[in-house]
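Each structure below is given as structure tokens.
Both complexes below contain chain A, partnered by chain B and then by chain C.
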Partner chain A sequence: MASNTIRPEDLQAHKKVKVWAEAKRQPFLLISSALLLIYGIIFYYIPVFGWVTAFQDYKPAKGFFGSQWVGLAKFQKLFENKTFFLAFRNTLCMGVINLVFHFVTAIAFALILNEVRIVFAKKFVQTISYMPHFLSWIIVTAIVRDILASDGIVNEFLMNVCGNESPIDFFAIKGYFWWIVAFSNVWKETGWNAIIYLAAITAIDPSLYEAADMDGASRLQKVWYITLPSLRPTIMILLLINIGNVLNAGFELQYILGNDVISDVSKILDVFILDWGISQFDFSFGTAAGIFKSLIALILVCLGNWTAKKTGDERLF
Partner chain B sequence: MKKSKIAAVALASLMSVSAMAGCTKTPGATTAGSTAPGETSGAAPAQIKEFSAFFAVPATTEINKDNEIQKIIADKIGAKCNETWLAGQEASEAVGVFIASGEYPDFINGGDAMKALYEAGALIAWDDYIDKYPNIKEFFSDYEWSQFRQSDGKIYWMNPFENIYGEDKTTTQNGEAFWIQARVLEWAKYPKIETLDEYFKVLEDYNAANPTTHDGKKNIPYTMLCDDWRYFCIENAPQFLDGYPNDGSCMVNLETKKIMDYNTTPTAKRYFKKLNEEYQKGIIDTGAFTMKYDDYISKLSTGVVLGMCDQWWDFAYTVNDVFKTQDTEKYGYNYIPLGLTIDKGIENQWYTSGGTLNVSSGIAITKNCKDIDGAFKFIDDLLSQEIHDLRFWGVKDVDYKVDDNGLFYRTEEMRKNAADPTYKTKHLCTYSYFPQWSGTSRDGKNAMMPTEQPSEFKDSLPEPVKKVFDAYKVNTYVELLHSVNKAGVWFPMYSYSNNMKTDTAGGTAWTKMGECKHQWLPKVVMAKDFEKTWDEYMKAYAACKPEDFIAEMQQELDRRIKAYDDFVASQKK
Partner chain C sequence: MKMKRYHAGDIIFEVFLVLFLVIFVVVTLYPIINTLAISFNDGFDTIVRRIHFIPHQWTLDNYKAVFAKEGYRMGAVNTVVRTVAGTLISLIVNAVLAYVISRKRFLFKKSFSLFWVITMYVNGGLIPTYLVYQKLGLTNNFLVYIIPGAVSAFNMLVIRNYMNGIPDSLEESAQIDGAGYFKIFYSIISPLCKPVYATIALFVAVYHWNSWFDAMLYNKMHDELTVLQYELMKQLQTAMRSAGSVEGLKNSGTTITPTSIRAAATICTMVPILFIYPFLQRYFVTGLTIGGVKE
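Now for the complex of A and B:
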């Protein structure tokens, strides 16, 4: 009996050996996660030190240590600027519209594509649809500009088929701009965003569908009662991640398509930061605006996470 | 046009990387056998130095890597410079990126952002070098050089433009004007057009009688560019209409020496009211406010636009070349400048003679340059007569000929070549943002620039423009304007306001005023109820605190007047 008792020291030693053995078994995993960690530190944590410039009157010639400390003066200047709030509203609205469209179109597209029974057609459509993801925003912007130009395809269609008398100047009408941005996002990203849902759909247990078939469920019912509920965790996680990106509502589109007539609705935070921060060499001011933006994003993510926790759904942390 | 823009933007990042390539010496490059004669200092060395340069303006022409004249110049002076330009950005954005990275090309012209480069400690002081290079020293008088001094009392850059050697030979209105196509003037039998109202009347009448171009495209009687910083095309006309010169951001009262705001004057209101009326009548391009610079240039290039307000350099180099190469000059599409005022009997100052010294920007040498003397020598050599002729006239007997009297001239084919974009990229190398002279060549006969050679200028004019000149009995574009020069020693004030940033109250006001005008001017022009919108605009404008801006400008005006008086006093001793 006595020989069978396990002493704590043994356990400790055993644990050590076990950890070491485990580590030896998976060197690749360890190295890659270490690399990720280093990457994270270098590219996400170290740059955060740059935030000190928001509390300084930062001059590149003087550097971090020589610049004058000004406390919250830059933030005060930021909150006194009317354009800032305009840009903030525009960013939030475009971000929310993009987010909604992003989810609705990607999920709908994945569901529809999943119902296609001809494998070739499915693969073909899927490949074509995610191609635009690889185009740079500059190219997409140029395409949008050409399509909606006064001699573009849309106006040609409206004039020759629908009988419009004169071309519509799409970029001069405030009401259209957010939707043009949303449409461009949908066109560019729907196929790509649907991939993750398609992957999640393949992971659904086929026996569920078989059982539903036995019960005489229609195709629509199977989508509604099996596919969608099974996707729920994936949707929730992606939603939470994307809420943090709501304020990154794009830059190139608004920067290039925006003009003086619609600047009330087209000016976005990133463009504002460019105008008032970098272009004025007031890097501190730009940083202050950036911090504010990050803060809002953080609050949004926490709120989303808290809601998910309350409703008992999947959550990030 | 659109394609090139995409490519330009996509390549922007790539180019800024290549711009950072240091001041590397490439050994073993070809050696020219001939020694450069004349004023080019020293014989051609065994190796060609390569410099890099960044100019914070979009390129008019980007030359090829194996450009022929660039190579000839390199063989003669032993150095060349790879130039990169602004693409799809604003000057201050591009410079902001340079400053943030701390990596600079050898030469830089940061446009409106020069002061930021100076403050970031990126530039080399010129004071110890200027005397060593006679062609550089000669470029400005002592007083002119002194205007370039920064807060530490040193000189860091020189403006490359608008400097006249010897006799003034200016033929072209390089600055701003209301422009009108030659065909309109011909149709209207060359009337005297002095006021804004007369100008629009002619445009309307012509358009009613001739609604299309030669190939059936619908005319656009008047357009105006509002894209980004180029919105001066709509914004600053009131100063000229009141008879003031292009101080750019304000007017200076000659008697009281006080700064005045041209945005709120009765003239400004009348000008925008006129634009509003014409807009409601359909005379003004409905797409004006949404077009980008590229769109604007393509529009002008087709010949459909009858008139606009702009600066010559902003459109003419591209657009006139298109008319020449497309052979559409004969339809009278070229633009003629008019020196309009708001009422008759006001002396105008659209053209200011004697060159305009803009001390706010210019070419500088950065601390990253490893061969500073080489860089100064490069600028110096480019200003020598032989190289200057190569830059702007080209190769003798290929790009121009010399007659028995030693006068340069070009054949029609040579002129066409000089306007051809492909030829420009592969053959011509003007180093267009390096210092250059206008006026008379050191030989005392020719002009520094082909465009200013009287015989050459006249011969190269399109037929319809010649007719305009004959009808109005003038020899140059400048004479058409009937400008009277009254600019003071402080001129131009924009060389100060261009550098204003939000770090001062005046600069903050200046930025806000710009934002406000960008936002409101389109509204004012398009408004159904002009009076109401104008009042709203004036309210929004007043909220930007323009008085802060005016106060800072007044300080600078006083400083400039005093600096000049001090200089004159010091000369007398």
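Now for the complex of A and C:
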């Protein structure tokens, strides 16, 4: 009688046997994943464990385990630091400005390029548009510096065409810096960021446009009422991906072009961390600032994801 | 009967389009052509005259000066080595990782994927990472360019998404023929993944070619470990500090100025990339769309 019923113990034993049989069939998967696991722990997880240095007075000679614990003292010092708040504000503002410009210009560029009917011209412009993306930020910084120099083309234009009396020193006036960063990003990345929108546009059902033609819609109306709304899912997912990157507002421009005169607006968190952590050897203080940055970024990602869930759009996880 | 209606707006639209494209191309290309012109122009002449698109006094001295510099030569060698070795290693490791994670029957599929996805959102940050590399002996070491960044969860996900699109039946039929997982990876999946491999190789190669921060952070003390972009960056920093010392240069009698050397060096680091990317276009367009938009 009992022989007909399957006992849970049997089922578990059966499962175990199956797991073993499966394991024997995948030695390559298991060995390579074990090696990659060790790699990941060393290069990605142990540095996160290194966050403990923020709660210590870390001395390289004593290491992670021997250094003296100081609790939240380093964070207290951090929040009392005026430069830190300036750096945080600058990072956030530049990040947000970059994000807005990134989306507006990439979408606009994709929409405009999509309207070009001559295939050759479209291909040519698109190929040109990717190019700056492949240049390093060092090169772009050099370009920005040359263009905005007192004898650069921008000043030449302003003096000859707009009638400015004397050249503007763009790197000595606080009001300009964020916009210099924003426009540099636009110059470098617009074509690249537009790729994904152009790909999404090709997936739009052509019958929508045909129907609009029947109704006598103008090209501008078709862009506004068909193309743009069709891009909504793509825009949402990219917004989600990028919102976590808002605090990565670039590095080279701020690091190289930032100077004492405009450091109130040019200093960003990464430069702040580098200044304290590496140049001044206060590793614990630098780590504390780094943790703050990481936590804010994580909160932003979760917030974005939560918003997407609420509005019923795509989400990351 | 076919009737085409023209809106007044459409004509304005067309004019605007052409105008926009012309401005766009000029703004994108001007800085590069300008740098190119300066690099071929006599250094002293560049100071007294405005150079826009065409050099006024042709010379190759600026390039000779760049190649004569120890730092640039060293940097060029190191940059080429790290780009080739780094790209190769990174591609292999990311491909294996993507393959493992995309196998349906892999025992730790879920937990192992999560392990790597977490690394995209949480990282140690600058200082802890620096301290760990120091403890591992990766400072003042060429390997710091290649090993730490080899696996990237993002690149892995792009490859994985592509692999997920390959029908399972291929794997199953190979298994029936007695092929193991390595054999399937090597002779069935990888040949099919060439487009996505090319995309990732391009991304990683550009990353290596353009990086400089690791050279400054970890290998500052060793000039023989420098990379091209770091040399460029050092020159740029000197230029920022010594702006306005033109008078001194005029009196020194030299015809090679920091500006003209920098222009020549910039062109040298740009050229390889500018020649390669148009040919790889079709790859990165597919790669990006696969990686970015979930099917």
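One rule holds in what follows: the second predicted complex is superposed on the first by the 271 of 317 C-alpha atoms of A that agree within 3 Å, B and C clash if a C-alpha of one lies under 4 Å from a C-alpha of the other, contacts with A are read in each partner's own complex, and residues count from 1 in each chain.
Everything below uses one rule, namely that a residue touches a chain if its C-beta (ideal position, glycine included) is under 8 Å from a C-beta of that chain, and two chains touch if they have at least 3 such contacts.
What you see is a predicted model; the values in this text were computed from it and never measured.
Novice: When the two structures are overlaid on chain A, which partner does A:Ala142 contact: first (chain B), second (chain C), both, or neither?
Specialist: A:Ala142 sits against chain B and chain C alike.
Novice: Which partner does A:Phe283 contact after superposing on A: first (chain B), second (chain C), both, neither?
Specialist: After superposition on chain A, A:Phe283 lies in contact with both partners, chain B and chain C.
Novice: Examine A:Leu274 and indicate which partner it touches, taking first as chain B and second as chain C; both and neither are also allowed.
Specialist: Once the two structures are laid over each other on A, A:Leu274 reaches both partners.
Novice: Quick one: chain B or chain C, who's touching more of chain A?
Specialist: Here the partner covering more residues of chain A is C.
Novice: Thinking of the overlay built on chain A, is A:Ala172 touched by chain B (first), by chain C (second), by both, or by neither?
Specialist: first
Novice: Does chain B (first) or chain C (second) touch A:Thr83, or do both, or does neither?
Specialist: After superposing on A, A:Thr83 lies in contact with chain B but is clear of chain C.
Novice: Where does A:Asn259 make contact in the superposed view: on chain B (first), on chain C (second), on both, or on neither?
Specialist: both
Novice: Give one of first, second, both or neither to describe whether A:Pro229 is in contact with chain B, with chain C, with both, or with none.
Specialist: neither
Novice: Of the partners chain B and chain C, which touch A:Gly66 in the superposed model: first, second, both, neither?
Specialist: Once the two structures are laid over each other on A, A:Gly66 reaches no partner at all.
Novice: For chain A, give the residues common to its interface with chain B and its interface with chain C.
Specialist: Shared contact residues on chain A: 60, 136, 138-139, 142, 145-146, 259, 274, 278, 283.
Novice: List the residues on chain A that touch chain B in their complex, please.
Specialist: Touch residues, chain A against chain B: 57, 59-61, 83, 136, 138-139, 142, 145-146, 150, 169, 171-172, 259-261, 263-264, 274-276, 278-283, 285.
Novice: Along chain C, where are the residues that touch chain A in the complex?
Specialist: 5, 7, 9-10, 13, 17, 20-21, 24-25, 27-32, 34-35, 50, 52, 93, 96-97, 100, 103, 105-108, 112, 115-117, 119, 121-132, 134-136, 147-148, 150-151, 180-182, 185, 206, 209-213, 217, 229, 232-233, 236-237, 239-240, 243, 259, 262, 266, 269-270, 273-274, 277-278, 281, 284-285, 288-289, 292-294
Novice: Quick check: in the complex, which residue numbers of chain A touch chain C?
Specialist: Touch list, chain A to chain C: 19, 22-23, 25-30, 32-33, 36-37, 39-40, 42-51, 53, 58, 60, 63-64, 109, 112, 115-116, 121, 125, 127-132, 134-139, 141-143, 145-147, 149, 151, 153, 156, 187, 191, 195-196, 199-200, 216, 218-220, 234, 237-238, 241, 244, 251-252, 256-257, 259, 270, 273-274, 277-278, 283, 286-287, 290-291, 293-294, 297-298, 301, 314, 317.
Novice: Contact residues on chain B for chain A in the complex?
Specialist: Chain B reaches chain A through residues 2, 5-6, 9-10, 88, 90, 92-93, 96-97, 99-100, 102, 113, 116, 119-121, 226-227, 231, 286-287, 289-290, 501-503, 507, 511, 515, 518-519, 521-523, 526.
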